[in-house]
Amino acid sequence: MARRVTNRRKAVVTVLAWLVGLAIFFPILWIVILSFKSEGDAIKTPFEVLGSAWTFESYATVQERSNYFRHFWNSVVISLGSTLIGLLIAIPAAWAMAFVPGKRTKDVLMWMLSTKMLPPVGVLVPIYLIFRNLGLLDTRFGLVIVLTLINLPIIVWMLYTYFKEIPGEILEAARMDGASLKNELIHVLTPMAVPGIASTLLLNIILAWNEAFWTLNLTAAKAAPLTAFIASYSSPEGLFYAKLSAASTMAIAPILIMGWFSQKQLVRGLTFGAVK
Amino acid sequence: MGRITLDKVTKSFGEVNVIPPLDLTINDGEFVVFVGPSGCGKSTLLRLIAGLEDVTSGQIRIDGEDATDMPPAKRGLAMVFQSYALYPHMSVRKNIAFPMKMAGMPQDEQNHRIEAAAKSLNLTDYLDRRPGQLSGGQRQRVAIGRAIVREPSAFLFDEPLSNLDAALRVNMRLEISELHNALKTTMIYVTHDQVEAMTMADKIVVLRAGNIEQVGSPLDLYHSPQNEFVAGFIGSPKMNLIRGAEAAKHGVATIGIRPEHLAASTESGLWQGTVGVAEHLGSDTFLHVHDHGLGEEPLTVRVDGEMPVRHGDRIFLTPDESKLHRFDKQGLRA
Amino acid sequence: MATKASRAAARLMISPAVLLLLGWMIVPLSMTLYFSFLRYNLLMPGMEEFTGWTNYRFFLTDPAFTAALWNTLLLVGGVLLITTVGGTLLALLMDQPFWGQGIVRILVIAPFFVMPTVSALVWKNMFMNPVNGLFAHLAKFFGLQPYDFLAQAPLGSIIFIVSWQWLPFATLILLTALQSLDQEQLEAAEMDGAGPLSRFFYIMVPHLARAITVVILIQTIFLLSVFAEILVTTNGGPGVASTNLTYLIYMQSLLQFDVGGGSAGGVVAIILANIVAIFLMRMIGKNLEA
C-alpha cells in the first residue's frame, strides 16, 4: 500500500515541513526562552537574549507577587468542575440517545447543537445581570455553571458518537444478566466507553481552560482563572516580558500536554463527528 | 423448570406488523429450534421471550407465571448472542461471574460455579484473559459459560454459531447438544441453517413472515411437510417441486420429490434430461438435470459418488412413488 | 432495545440535559429580547421604560455599527481565507512521508491550545511592540524603521494573531480528512492513467471539499465571537478601527451600561450567527443519518 518515495524527495519535504512547523511553533518557544531570562535581558535583541544568562527568577517573582497559584487553582477548579458536572449530566443523556433512539432523538441532538451556536454576546447582558443579582459575579461557582452549560452540547455530542460505536447487544446481555439500569451504566457502559469518555474529558478541560469570553466578563480579582489573570498584563505600565512569559508558560503548559495527548480524538469532538 | 407459553402474541414496530397472533408452547427440557428465512422474525420472537422487546399484545407465561411485563432480569432466562456480547473490559472470569455478581451470590459459590463451568467448557486456562485475546470458538464458550452459571430456567440462543468457520461450527454444534443432554434445561435456538435445526432440535418451529408454518420433530418435518414452504425449506439440497401436467397425473397442483428419492440411470427411467453441473462431494454427487420437460427449474438428484457422469450426458430419472409429496393449489399437503 | 421500561428510563436520563439547556437558552434569550425594547441604563436605575424599536434604530444607524460589521466581516473572512488555504497546503505537506512527522504535527497544532489572552499578549508585546518586539529588532537589524503594527494596522494584526490560533484547527481537520482518503482509490485512479494533477483535482479536492466546508462553518461560529484578542491588544481602537460586533456590544452594555442598546445589538448578533448556523447544522445533520 505504501507508495514508494525517493529519499531525495523525502529529504526536501522533511526540511520544508520542519521549517514551517518551527515557524508556527516559534512564538511558544520564544516565550519559554524568555521566561528563563531576567527582566532586563528579555527586552534585548534576539541574539543578546539567546546569549544571556538563564534564570528561574521570573517564575519565583510571578508566584510571590501576584498570587499566581490562586488563579491557576481557579482555572483547575473551573475547568475540571465544569467538565465533571457536564459528564455527569451528559453520560445518561448520551446513553439514552445512542441506545434507546426514538423518533425525535435526532432533533434533540440538533437542537442541543444549536444552543452552542448562540453567540455569547447575545446573552451577555442578561447573564451578567442575573449573576449580579444572585451574587455569582466573580465566583468560581458561577463560572462552573456557565462553562458547564456552554460545553454541555459538545460533551453530549462527543459521548453520543462514541457510544454509537458500542454494540447494543452487550448492554442487552447485561440486562439479561440481571443488571439494573444503574449497574448497566456503571459496570458495563462506562468502562467500555473509557477511551471516549477520557477524550471528551480532555477536550472539555482544554476548551474550558482556554475560554476567554465569560471568564473575562464575569470575574474580577477573586475568581479570575488564568485567562483573565494574564489579561491583566495587557496594561502598558506592566511590560514585564520575562514575568509575562513565565506566567504564560505555566498557563499553557498543562493544556499543551493534554492537547498533544488527545490530538487524535480532537477532530471528532471539534467537528461534532462530521469529520473522523 | 422451563415451560414457556406464548398466547396470541403479536409484535409491531410502528405500523409494521412483524409477528401476527402466534401461539406456541415450549415444554420443560425441550430443545426447540426456530428456523426460517432472513427477516421472518426469529430474532424478534426470541427477544420477546427474553423481555428485550415488549409484546404489542398477547401474553407470555414462564412456568405458568405471567411474564409479559417482567423485565428481562426477572425472567430467569439466559441468552447467548450472535456477536457473543462479551464484556470486553472484563476478564473471562469476570465475564462469567457478572450475572452472579448482579444476583449478589456469595463469593465462594461464585468461584465454585466458575471453576465448574470453565472445566466443562475447557476454559480453565483462559480465565484471566480478556475476550479480545480469545478465538471465536473460545469466545462462544465464554458466552455459554456466562449463561450456564446462572442456572437459568431456559437458554436462548440467537444464531450463536454463524460467526464461526465451518469446522468449528460442527464442533460447537455437538458441544451445545452435549450441554443440553447434560443439563436437561429448556433451550430455544434460532438459526437459519437447516442442518443445525435438523441435527440439534427436539422440536423445530418453521417461521415465515412471523407465522408458524409447522411445528414438529425434525423427522416429521422431513417426512411430512405440511406445505410447500416447509418442504422447500427443510432438507438439503432442496426438494424438487414439479407443477403442471406431471403433477396433474397425481391429481394435485404440485408434487415434490427429494433429490435422494430419485433413482438415476444412464439407460432407462420415467423421466429423462441432460446433466448440467455436477457437484462432487466425494461420497455423493449432486447432479443438476436440465431439459427434463417438467418445468423451468433444473431437477437436483443425489447419486453415488462413483457414478461416471459428465456435463452434457443423457440421464434417466425415476422417482420413488412412496416418497412423493403432494400439494394442493394453496400449497398445502394433499 | 426498546421496551416501555427502557424508553421511560431514557426520557428520565435525558431530561436533566434538556431542561438545563432549555433554561440556558430560553431565559437569557427572552431577557435579551425584552431588554432590547426597553430604555434601560444601569446608571439610571428605575428609569426603565418601553421604547419600541428605538434601541434597534440607534444601534443600526450608529456609524460604529457599520464599522463593526465591516470589521467583523473582514476579520472572519480574512482568517477563513488564511486558515483554509494555509491549512490545505499544510495538510498536503504533512500528508507526505518525511522524517519526524509526529513531532512536526505536534509543533503545528500547538497554537490551538494557547489561551487567547496569552497568544494575543505574546504577539502584542514580544513580537509587534514597536520598541522591544522581535519584529522591531528585526527591522532595526536590517536598517528599517520599526512598524507599529497594532497602531498602524490594528485589524490586520488581529487577523494575523487569530489566524495563527486557528491555522492548526484547519490543518488538523484537513489532515485527518486527507488521511481517511482511501489509498486504493488513489491507486485505482493511477492505474486508470490519472496523473498527479488530475488525481489532486478529481479525487482529493472533492474528498476535501466536505472537510473544508466543516472547517469554514465551525470557524465562522467561533470567529464571529472573537473577543479576548481585541480586548487585550487594541481595546477595539484606535477609534473603532478594530472593533467587531461582539466587542461593540460588550462596550455598549458593560462599559456604557446601556442594557437596552446592548441587548438590541445582541439580537442582531444572534440573527447573524443563526444564518451561518443553519448551513452548519444541515451538514452535520446529514452526517447523522449516514
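Structure notes:
The chains carry the letters A, B and C, assigned in the order they are written, with residues numbered from 1 in each.
Rule of thumb we're sticking to: a contact is a pair of C-beta atoms (placed from the backbone, for glycine too) under 8 Å apart; a residue touches a chain by one contact, two chains touch by 3 or more.
In this text, all values refer to a predicted model and were calculated from it rather than measured experimentally.
Of the two interfaces, A-C and A-B, the higher number of touching C-beta pairs belongs to A-C. Among the chains present, the centre nearest to the common Cα mean is that of A. Distance between chain centres (mean CA atoms), chain B to chain C: 59 Å. Computed centre separation for the pair chain A/chain C is 16 angstrom, with centres defined by C-alpha atoms.
Between the Cα centres of chain A and chain B there is a gap of 54 Å. Those residues of chain C in touch with two or more other chains are numbered 1-2. Listed for chain A are residues 172, each touching two or more other chains. Contact with two or more other chains is made by residues 52, 71 of chain B.
Put simply, chain A touches chain B in their complex at residues 167, 169-170, 172-180, 183, 187-188, 191-192, 194.
Partner chain B is touched in their complex by these residues of chain C: 1-5. Contacts from chain C toward chain A in the complex involve residues 1-2, 6-7, 9-11, 13-14, 16-18, 20-21, 24-25, 27-29, 31-32, 35, 90, 93-94, 96-101, 103-127, 129, 132, 134, 137-138, 140-141, 164, 167-169, 172-173, 176-177, 180, 183-184, 210-211, 214, 218, 221, 224-225, 227-228, 231-233, 245-246, 249-250, 253-254, 259, 262-263, 265-267, 269-270, 272-274, 276-277, 280-281, 283-285, 287-288.
By the touch rule above, chain A contacts chain C in their complex via residues 1-3, 5, 10, 13-14, 16-18, 20-22, 24-25, 27-28, 30-31, 34, 43, 45-46, 89-90, 92-93, 95-97, 99-100, 102, 106, 108-110, 112-130, 149, 152-153, 156, 168, 171-172, 181, 206, 209-210, 212-213, 216-217, 226-228, 230-231, 233-234, 239, 241, 244-245, 248, 251-252, 255-256, 258-260, 263, 266-267, 270-276. Residues of chain B touching chain C in their complex: 51-54, 71.
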